[in-house]
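Each chain gets a letter, A, B and C, in the order it is written, and its residues are counted from 1.
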């Protein structure tokens, strides 16, 4: 495999404007799968959470999980989308061993939610990301590639399949094309995915943990010469699994595309894999005829026509939008922008808020949690941003407040 | 005692209820009959002597203990091999599923079991229900008990032949484009395709999801109604199952009164392509119904002539997707491609699907793949789905004028084995009268009406969705008229099969 | 409306999409049969106007949902009982070449 010629990011931006599209898959935290009553517990023993439906056995039929529909609508509303008055599921037909029916039950031209937007903030600037659609689909099983030197798919002798994950509900959120000043593109992409994570957590619809794959981002990127109107060929970098990686993947692809274009080459339309270790991407599967997915309306499922009154009820359950909430809390706590960025960056906003509610001063709560989370991240060898709140942390807040001497205790433990 | 295999299901149920026979006796007699005639008929792929007798003994014990039992408790039944069963293989007539045992029962099978009905075995069928002759079974054809050199219809030739040959009083079939009604017509039995959504499809191995429907096969209209009542009803495991009570089919079958009933004869069905003998029998049926007080009018359903074209696009499209699951990865036949060292999953899938599927199945998968493919979808699949709408509108308009519609069930009587095997289009044309009901989701029944060249001819009634009871009312009336005319039940006219001792 | 043209190569492409390794004789036969069948069914293109909606479901039912409650599934033994091969409570399949 030849090493691509990379153009320095800053240089690339002098000649090209990046155009991004982000596809984020959110795994819902429903108790059961999208179309059957199997549990969705993460990390269960292989093939212990399967039934005739999610194993695709002959004769089995899907039935839609009501909670998944509710979550999909709430997500759509939180993304400022229109909610479809009537929509259908569709079958996306392709063969792959991790997909028991050899079609994925998804939505095609009739997504449950469409035409929305979210505003994300980067270095004090607000960028509006337009949402094309949010649709429902099901996850695939997991393959374990055995043999070969790397344990990866290539060179494996055979594969082992576990279908516990097959059929877990996913919401795929697709942006319209994003064009922001090139130097901001990587940070905007990261901020957007981060924003979605916060939104999902606030909605309570997903654990939204990138490290566990319950939030997965695909980064589509193309470059167009500055001044040109036509988009270039795009690459699709799949399953980028941390916020930082989203940013790095955008940067890397900009440098790589620019290298190809500068040399007079053409970018191949293909999927690419991101490598956490060195921040590079490598070629995956080229787009081909095999991508004729032969979508058609799923005959085994009835169309979905949400009652407008129900949609309005769900709208009333939406939490305060994360950005507005941050602004409000910042004012209430009297923090400056830097303080807030530290808290948000560490994913400590909810913890600090709860601790303040339990009677702590904002300053003490911030100091204690940032220390605590840095230690946890260090212990786990993880990025602070990759951590999400755990029940244990919530319990800590309660213990602190039950003790009735929150500030004292924080002061002591924090030192 | 007279031959129990000649009893109708209703008569068996009455005899069981009054204690004059036991279910074990009835079941054993049918198993013996199967052993005696199967060499000629070959209606069954699997016979479950042990399981059937165990159920029968259990029902007898419960009856002796004074337990209240469902009406058909102890009455044996045969099940088309397209419905999953935990205690017998489910092969769908395909090599792909040879020996496959489902870990779950189809809802219909669960209902038969809950009703205390001994399951005699699984019946032969065209592979994955694709065909009109049962010759496309990977396990060899079933023969028509009226003439064992002829086809029993399809795809449910096994269920129809089992009932016609007195191997079972009742059988379950499935009907996607006529697979219950056409075999019923050519074997002189009664077959009903219920309203789409009236009987659960859970555990019915799908051919075309938006068309498939399981239904009863019997020798009398009342028997079909009794079985329909057991099979039907809402199933939360099937999203397309209607949340409504089963129409009063048994009551309607007992009524059988056509006085004042408006019967619409479909102008487009019964002319060209229909054998003269078939037309003659159908017209005689109409005359008898008119004499019994029915009002016969002609009704035009202009879009029906496009039914076959729409069907042979919608059905294969759904087939191409439904049969994708048979890929040798989780169950079913796995074959390594020839001459390939260390083959990949992709190669094993492709080789297994080539080896496991028969010609007709492959033909439909390829056709459906084409109809759904990029650039052709609108022209083929999309257009066909629009024709469906037109056909449904024809039905709506027709049912504003009449209570039921009527046509011959099938254009021809049973043809000779092998005659149409190399001519798919001619085989497809057999479904012309049965297909519109599947496309629109409405119910249909085929009732024997007479003989042409010594072979049975079927008379089809069609009714609006969820008005299945109208089929049974009209069907029972016709059945009584035919029996009065012939002086004996239709099924009794079948020639004796050679019995192996 | 043009007459449907399907070459032998087209059939091979469709067979690849449908994951069926057709033999040469099967390709020849389907290459002849498919155009004949399509010739017969293409009439659907002329029948319905743009104003006619397509019918995907024969009965007009909407919003069929189930509660988000766990129901019993299969044991791993049941799930794997029919597997052509298995290992470590997983389905064993030949090496996978492509990727999704």
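By definition in this document, a contact is a pair of C-beta atoms (placed from the backbone, for glycine too) under 8 Å apart; a residue touches a chain by one contact, two chains touch by 3 or more.
Nothing here was measured: the structure is a model prediction, and the numbers come from that model.
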Can you identify the chain nearest the overall CA centroid, using each chain's own CA centroid?
C
What is the chain whose Cα centre is as far as it gets from that of chain C?
A
Rounded to the nearest whole Å, what is the centre-to-centre distance of chain B and chain C, using the mean of the C-alpha atoms as each centre?
24
Separation of the C-alpha centres, chain A versus chain C, in whole Å, is 30
Cα centroid separation, chain A vs chain B, in Å, comes to 49
Pull out every residue in chain C that's touching 2 or more other chains.
16-17, 19, 56-57, 61, 64, 66, 74, 79, 91, 93-96, 98
Could you list which residues of chain B touch at least two other chains?
100, 103-104, 210, 236, 239-240, 320, 324, 327, 329-331, 345-346, 349, 369, 373
Residues of chain A touching at least two other chains:
52, 55, 63-64, 95, 97, 102, 159, 161, 292, 294, 296, 299, 301-302
Within their complex, state which residues of chain B touch chain A.
83-84, 90, 92, 97, 100, 102-104, 106, 201-206, 208-210, 236-240, 317-318, 320-321, 324-327, 329-331, 345-346, 349, 369, 372-374, 377, 381
For the chain C and chain A complex, residues of the former touching the latter:
13, 16-17, 19, 56-57, 61-76, 79-80, 87-96, 98-100
Quick one: which bits of chain A touch chain C in the complex? Just the residue numbers, please.
30-32, 36-39, 45-52, 54-55, 63-69, 86, 88, 94-99, 102, 140, 143-147, 153, 156-163, 271, 284-285, 289-290, 292, 294, 296-297, 299, 301-306
Residue numbers on chain B that touch chain C, as the complex places them
100-101, 103-104, 195-197, 210-211, 236, 239-240, 242, 303, 306, 308-310, 312-313, 320, 324, 327-332, 334, 337, 342-351, 353-354, 357, 359, 362-363, 365-367, 369-370, 373, 379-380, 382-390, 392, 424-425, 438-441, 465
Listed in rising order, chain A residues that touch chain B in their complex are 52, 55-64, 91, 93, 95, 97, 100-103, 159, 161, 292, 294-296, 299-302
